[in-house]
Structures are given as C-alpha cells and as structure tokens.
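Next come two complexes built around chain A: one with chain B, the other with chain C.
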Partner chain A sequence: MTYSNSKLKILAKKLLQVSRDEKGNLSSQQVSKVLALIKKQFPSRQLRLLLKHYLNAVKQALLQEQAIIEYAGTIVPSEIDSIVKTISQHYNRSITTIEKNVPELIAGIKIRIVDDVYNTSIEQKLQIIQRKNFS
Partner chain B sequence: MSTLTEQIQKEIDTLDLNFSKKNVGTIVHVADGVAHIEGLSEVMYNEMVLFPGDVYGIALNLTEDEVDCVVLGDISSLKEGDEVQTTGKLLSVPVGKELLGRVVDALGHPVDGKGDIKSKEHYPVERIAPGILPRQSVDQPLQTGIMAIDSMMPVGRGQRELIIGDRQTGKTTIAIDTIINQAQINRVGFKSGDADFRPVYSIYVAVGQKNSSIARTIATLEKANALDYTIIVNASAGENPANQYLAPFSGAAMGEWFMQNGMDALIVYDDLSKQAVAYRQISLILKRPSGREAYPGDVFYLHSRLLERSARLNKDNGNGSLTALPIIETQAGDVSAYIATNVISITDGQIFLETDLFNQGVRPAISVGLSVSRVGSAAQIKAYKQVAGKVKLELAQYRELKAFAQFGSDLDARTKAQLDRGDRIVELFKQSASSPRPVEIQICLLWAVQNAYFDDISSKKVTAAANSLQDFLSTLQASLLEQILKEKNLTESIEDELKKILLAWKNTFQPES
Partner chain C sequence: MLDLFNIIAAQTTEAGADLNQFQQITKEFGINGKMILAQIINFSLVAFMLWKFAFKPVIATLDERQKKIADGLQFSEEMKNKLAEAEQKRNQCLQQAQQEAQKIINDAKETAKQSTKKNLQDAVSEAEIIIKKAHQSISEEREKMINEAKQSLTEVVIQTVRKVLNKNLSAEEKTAYNKSVTKELAELK
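Coming up: the complex of A and B.
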C-alpha cells in the first residue's frame, strides 16, 4: 500500500498526538516508542518521508513551547521570569525560553514564539522611521 | 538642515515605545513570482505581506502549514529563509480625484514621473459589488460620440458593454474615443456652469499591452486634452502576471470611489482576455486545479465579480454610477471561445467588430447583426429615439437586400431606394479615430439622412457631406444645437428650423468638389 504525501502528513500529526504524555507535553519516552513502532510496522520505502513529516511536526510542537528572547545589553532573571509568566498566560501553555544577546537591537527586546514576534527594540523603530521617510 | 532636525525631533516625540506584534513566516521556496511560506498563521486571504526590501505580496493560497503568496515586485532579491511579515491590511489602492491625469501601476503607485499622489483615501482592490437594494435601472445615456453605437446600441450610465473582436479591428479606438468624448462633454458642461451637469470621469486599465501602445494611447488622450479627466492603470506585458491580474480590480476600486461619492465614472478594461491568461498563469503556479483550456475553475467568477462592481446607484445611495467597457480579443472571429462567452454572458450587451468590415474601410467596423445593447433605448434621449428608432432595422434589411441584389440587376424602385438609404447610413456611420461627434450633431445628421437630404449626394461623398454639415451646424447654428440639447426632443419648431438650415447648407455644399 502506498500513501499519498498528504496522507503521510496526517499520519505524522497523529503520531505527534501519541508522542505526548498525560500532561500533554512531548515526552522523549513516547517519541522513542513511536519511532520503534513505525520502523517495525511501516513500509520501508515510505518510511523516510514519514519520518521527515514526523520530524517537522515535532519541531513545530517544540517551537510552540519555546520563546526566543533577544535583547541588547543586559537582562535580569526577574525580567525573564516576568516575561515567561505573561506569555505562558497569554498562550495558555507552559513556555520555556532561550535568551540571546543581540547587540544589533541597540536597546529593547524581541520575543519570538513560533510565528509571532513581539518587538520593542530600537532597531525596529529605526527601521519604521527609515521606511516612512526614506524609501 | 532645520527641517531635517525638526523631522527627526517629531519622530522622537511620536515614537511608540510599546510592543509591536507581528506575525511572521519564512520563505521555503520561491519561483515564478510565487513564494511558498511557512508560518504566517494569522494571515488573511488577500492580505498584503511584506518581504525583505519592501517588496509586497498577496496571500492567495492558505493551507494548514503553508501560505502561497504572489510577489508583486522584484523577486530577484528574495531567497529561501527570508522573513516575511503580515501587514494586517488587505491589498488596497489610493483613490480620489488626485489620481486624475495620472498613470499608475496596479498598486496605485505613480509611474508617470509626475511625483507623489497626495491621495487621502484608499479602497481595497477586492470589494463586494453593490447589492440589489442600492441599485436602480440604467436610464441615463453615456454618449460614446460614435454614431453607430449611440444610435443602434446605446450605452447607459452603469451599464457593462463588451467590446469584442479580433486583433487590429479598432477595439481600443472605440474605448479611447469614448473617453475623449466624455472629456469634451465635461469641458462644455463645466464651462456652461450648469448646476445639474454630471461629469463622467474615466479610468483606462491597460492589461498585458506593449508599453509602446500605452505610450501611444496616453499621447492620444493628451492631444485630445482628455487626460485631465482620466486615470490610467498600467500593467504592461513586461510586468509580472500578478500585477496584470490585479490591475482591473485596482481600476474598479478607483472607479468605485467616484460611484460611491455620487459621481459618474467610466472604466475600460483593455483587455480581459489577457487578464484571464495572467490569472491562468498564477493559478497553474499555485497548483490550483485547472479546467477547460487550463483556466482555473473560478475564471468565470474572476470576471463576474469584477463586472458586477459596475452599477448605477439610486438616489438614496448618491446616484453615482460606474459604466464598464470590457474588451475581449477573439481569435479568427470566434465569439464562442471560453472567455468570450463567459464575458458575453456577464455583460449587458456587446459591440462586435469584424475584420472584414475593417478591411473594407467600414470604421468603426461594427457588425450590426452581432452587436446589441440590452439596455436599449432606455439609455437614449427622446430626440435620439425619434431619429434612430428604426436605423438598426433598416440596416439589417439593407444587408439582407444587398445580399439578394447581387444575384439580379432589375430592382424595383422601393428596393433600390432602400439600398441607397442603407448605403448612405453605412457611409454616415464611418468615423475617423479620435473624432467623436456630439449627440446633438448626431441627431441632426441622422434626421437629415432620414428625411432624404442626403439622397442626391453620392454615397462616396456622404462622409464628406456629414463632416461639412457638422462644421456648418457647430459654427453657424450653435443656438439650434443648444435648443436640441435643452429640449431633448425634436419639436415641430426645431424640425422646421432644421429644414431651413439644411436647405441653406445644401447651397453651400458642393458634392463634386
């Protein structure tokens, strides 16, 4: 039996659902079980494509739980805690953070969660001024 | 220097230090003017998205994981991995009187080198057409200045009249002459100071044409002083298909502004066959299922939603109108082609131009048999109805008789008279480009032919005679023309006056000269 690309995507999403623990978080144990199962059960000629879709789905799911905080200068842990609390509340899920010092921002911070970007950096303000007045 | 510092100071004062939220995505693949983007989870259908380098695009295919965007600018600088952001705005163009006299692209950006357009308003290019309640029936004439059209297939304000024909049959010329005529009427109307005068503003949308052709059209309009009342939307053959697909919608948005603000506007789509081809190209790249002739399934909807935006609004909604003259190019006179039949079924009539007639020197090469206006005489003033009521029938009978007359030489006097009259009407309807005739002149000319004043003029001289009579009337008999326009009816006194004038003119006109 050959599966179409769209069917493989749907299957990868279903596999993602069973890769979560009872709290709804992705668990490495569950992922290992899923991998072992599909290696054993799934036709080998389409296994590579299914694994690719599964990887994408897992990556997307991980990104959903992760916020990348970029800042210029210094940022104190209490500020990060406050940000995590606010965004976890907003997205209604627990979110972990990765902090990066990016001097190009000049000042301010930029937070990225999946495809939402919250920006208060001076770099972005200058870009707006440039677009408004010089383009 | 001080203005520069003031400008920066102003920006500092108004600087928003709050968070700005944007929804972003990443280009995964870009080719053929289309970018496939991952992310953009909050993008709306038809929303403008911003690529790096201030290049805009529109989101056209929204799937669960990916968004397909048509890029509206230079695609060469875009690459895989570039960040794309939503703008929260549907694709919109500047509208208003500030655009008159300007040449803009499909996004409303000026391309004529005359500086920025200080437009105060923007309209989305895709708008829902007016519904049933705000509309009223088409009953006000929109004079094209072309006798054959105004007499036999009159166009009303708010009507959609298709101009269809092969290449090089004079389709654009008819549209341009109509625009020139509106400008001439506007000039006279504004000069008269008549408070009830309703000007008609024109929008000419050029799709997939050569830039040289567009330059020629602009020069023609400039020469006829018609550009001041016209907006030109240009998406030439060299531009990407997305712009060619969007240009008619942008033009419609500009026309709608006039209509929604109680004014009358005319829009020419030159031409919709090329727009359909551009749309087919985009759809195939977007991997949408294709149907007949590889056009996508919604190609009918593409044209129907565009042409439905032309309407005549009732008094409660400002009494404005948007008249559309879409153009379709046929191949070898085939009106039964896919796009042609689609647009014929959408519009309120068509003007069919024939290559044979054009080559015979009948210009405009209008085929009387295949052309029709479904609005009919409702869009004619009473005086015109009085003189042109039977012209179409007479011409149809003339063509039939002419076909039979080829087989025999002995014709009875009545048939011969009918043929002679037909010959003269055909000659009278010949009109050179960029010389639209005012309606009052058209009425006088037709009245003269119907009342046998041209019978002793050989058919070869009818065009010269018509031009001579036009000059005579406009230079020496302006008061009569004004009276016809004012009364909108050929009263007995006007007819008596016309008889006297025509006798006076015949003394001055020498047919053999």
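Coming up: the complex of A and C.
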C-alpha cells in the first residue's frame, strides 16, 4: 500500500497525538514507542518520508511547548515560575522555558513562544519612541 | 382751217429749211450718222466688255476688300471692347486680389497678435507652474530636512538615553523593573 504525501502528513500528526502523555505533553517514552512501531510495521519504501513529517511535527510541538525568556539584569526564579504559570494558563498547555540574559534589553523581559512575542523591555520602549518619530 | 394748214405748211417749209441747214452743218463738220451709230455700238460693246471683265471683278474685289476692312474694323472694335472688358476684369481681379491680400494680411496680423497673446499667456502659466513647483519642492525639501533633523535628533536622544540607562540603571533598579513587568504579565491572563 502506498500513501500520498498529504496522507503521510496526517498520519504523522496522528502519531504525534499518540506521542503525548496523559497531561498532553510530549513524552520521550511515548515517542520511542511510536518510532519502534513505525519501524516495525510501516513499509520501508515510505518510512523515510513519514519519519521526516513526524520529526517536523515533533519539533513544532516542542516549540509550542517552549518559551524563550530573555531578560536584562536579574530575575528571581519565583518570577519565572509566575511567568510560566501565566503562559501555561494562557495557552492551556504545559510550557517549558529557556532563560537568556540579554543586556541589550537594558531592563525588562522578552518572551517568545513560536511566533508570539511579548516584549516589555526598555529597549523595546525606546525603539517604539524612535519609530514613532521616524514615521 | 385753211390758216392752220397754211401755218403747218409754213412750219413744214421752215422745218425743211432747218433740215437742210442741219445737213449742211453736219456735212461741214464731217459728221456721219452711220459712223456715229457704229461707234455707239462699239462703245457699248467695249463698255459691256469692260463692265463684265474688268470693272465687275475689280468692284467685286473692292467689295471684298471693303468687307474685309469692315470685318477687320469690326473685329478690331470687338477686340477693343474685349480688351476693355479684359482690362476691366483684370482691374476687378486686381482689386479683389488686393482686398484678399489685405484680408490675409489682416488675418495674419490678428493671428500673430492672438498667437503672441496666447504664447504670453502660456509662458505666464508655465512660469506660474514652475514657481509653484519650486515652492512645492522647497517646501518638500524643507519638510524632508526637518524630518531628517528630527530623526537624527531622536536617534541621538535615544542613543543617549540608552547609554545613560545602561550606565546608570543599577542592578536593583533593573530587578525592580523586571518584577513590575512580571506583575503586569501576570495580570494579563
């Protein structure tokens, strides 16, 4: 049996859903199980293409579960927890974080989740003032 | 009656005397009646011949020439009339041509006048447009310069503020700022 590319994409998305745990987060154990299953049961002719689609889907899912928090100065862990809590509630899913100290921001926080950006830094405010004067 | 007869007889006698006298005279002068008659006939013949073969053709030629002369004169008169007519026509044409030429000159003058006026108006309009454009260009240039100056000034101010903040904002202040924005974010949900 041969699957078309679009069908393989749909199949990869379904496999991604299977790869989540009870909380809806991606689980490495589940992913391993899915990979073993694919390797065993899927025809080797289209295996490579399905794995590619599955990898993309997993990457996309990981990005959606990951927030990059950039800040200048210091930020206490409780504040990061508070941010994570807020974001998780907002997106209705569990979010992991990567923190980066970026002195160029001067002060404040910049959060990026996939394509969404929340920037409260002083640098951003200065840029807004500059753009207003330039337009 | 007898008297009358006598008178006639007398007269006849007188007439006979006269006839004798006449015959005597003619004899003396050598006049011969027959000769005269013959001469008359000859003369008549010559006159007829002359009339027929000399005078008549000459008269015909003369008539013809007369006619030709008359025709020539008539032709000349006609030509004269025609010439006069042609002269008149020529004068009329000349006059008409002069009038037309005058009209053309007047029209040309009027056109030139109007053209000059129009050219002047066009030149004025063009000059006005150029002035307007120049004003607009100056205005735009000025606005551009002001904007550039404003941008440069803003950039300088922003850079200065950035440097000042980077230099003077203490760690505590940054932490306090972060805390406040975190609070703001928490309130966003």
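In the analysis below, the second predicted complex is superposed on the first by the 133 of 135 C-alpha atoms of A that agree within 3 Å, B and C clash if a C-alpha of one lies under 4 Å from a C-alpha of the other, contacts with A are read in each partner's own complex, and residues count from 1 in each chain.
By our rule, a contact is a pair of C-beta atoms (placed from the backbone, for glycine too) under 8 Å apart; a residue touches a chain by one contact, two chains touch by 3 or more.
Treat the numbers as computed from the prediction; the structure is a model and nothing was measured.
Superposition of the two structures on chain A shows chain C fitting alongside chain B with no clash. Within the superposed three-chain model, A:64 lies out of touch with both chain B and chain C [touch as defined at top]. When the two structures are aligned on the shared chain, A:73 is found in touch with chain C, with no touch to chain B. With both complexes superposed, C is the one of chain B and chain C in contact with more chain A residues. Contacts of A:116 after superposition: chain B is touched, whereas chain C is not reached. Touch criterion not met for A:101: it reaches neither chain B nor chain C. After overlaying the two complexes on the shared chain, residue contacts for A:32 are found with neither chain B nor chain C.
Contacts of A:83 after superposition: chain C is touched, whereas chain B is not reached.
Of the two partner chains placed by superposition, only chain B is touched by A:124; chain C is not. Closest contact between chain B and chain C, by C-alpha atoms in the overlaid model: 5 Å. Looking at chain A, you'll find residues 118, 120, 129, 133 touch chain B in one structure and chain C in the other. Interface residues of chain A facing chain C in the complex, by the touch rule stated above, are 71-76, 79, 82-83, 85-86, 89-90, 103, 106-109, 111, 118, 120, 122-123, 126, 129-130, 133-134. Here chain A touches chain B in the complex through residues 9, 112, 114-120, 124-125, 129, 131, 133, 135, going by the rule given at the top. Those residues of chain C whose C-beta lies close enough to touch chain A in the complex are 150-151, 154-155, 158, 161-162, 165-166, 169, 171, 173-175, 177-179, 181-182, 184-186, 188-189. Interface residues of chain B facing chain A in the complex, by the touch rule stated above, are 7, 11, 15-25, 39-42, 54, 65, 85.
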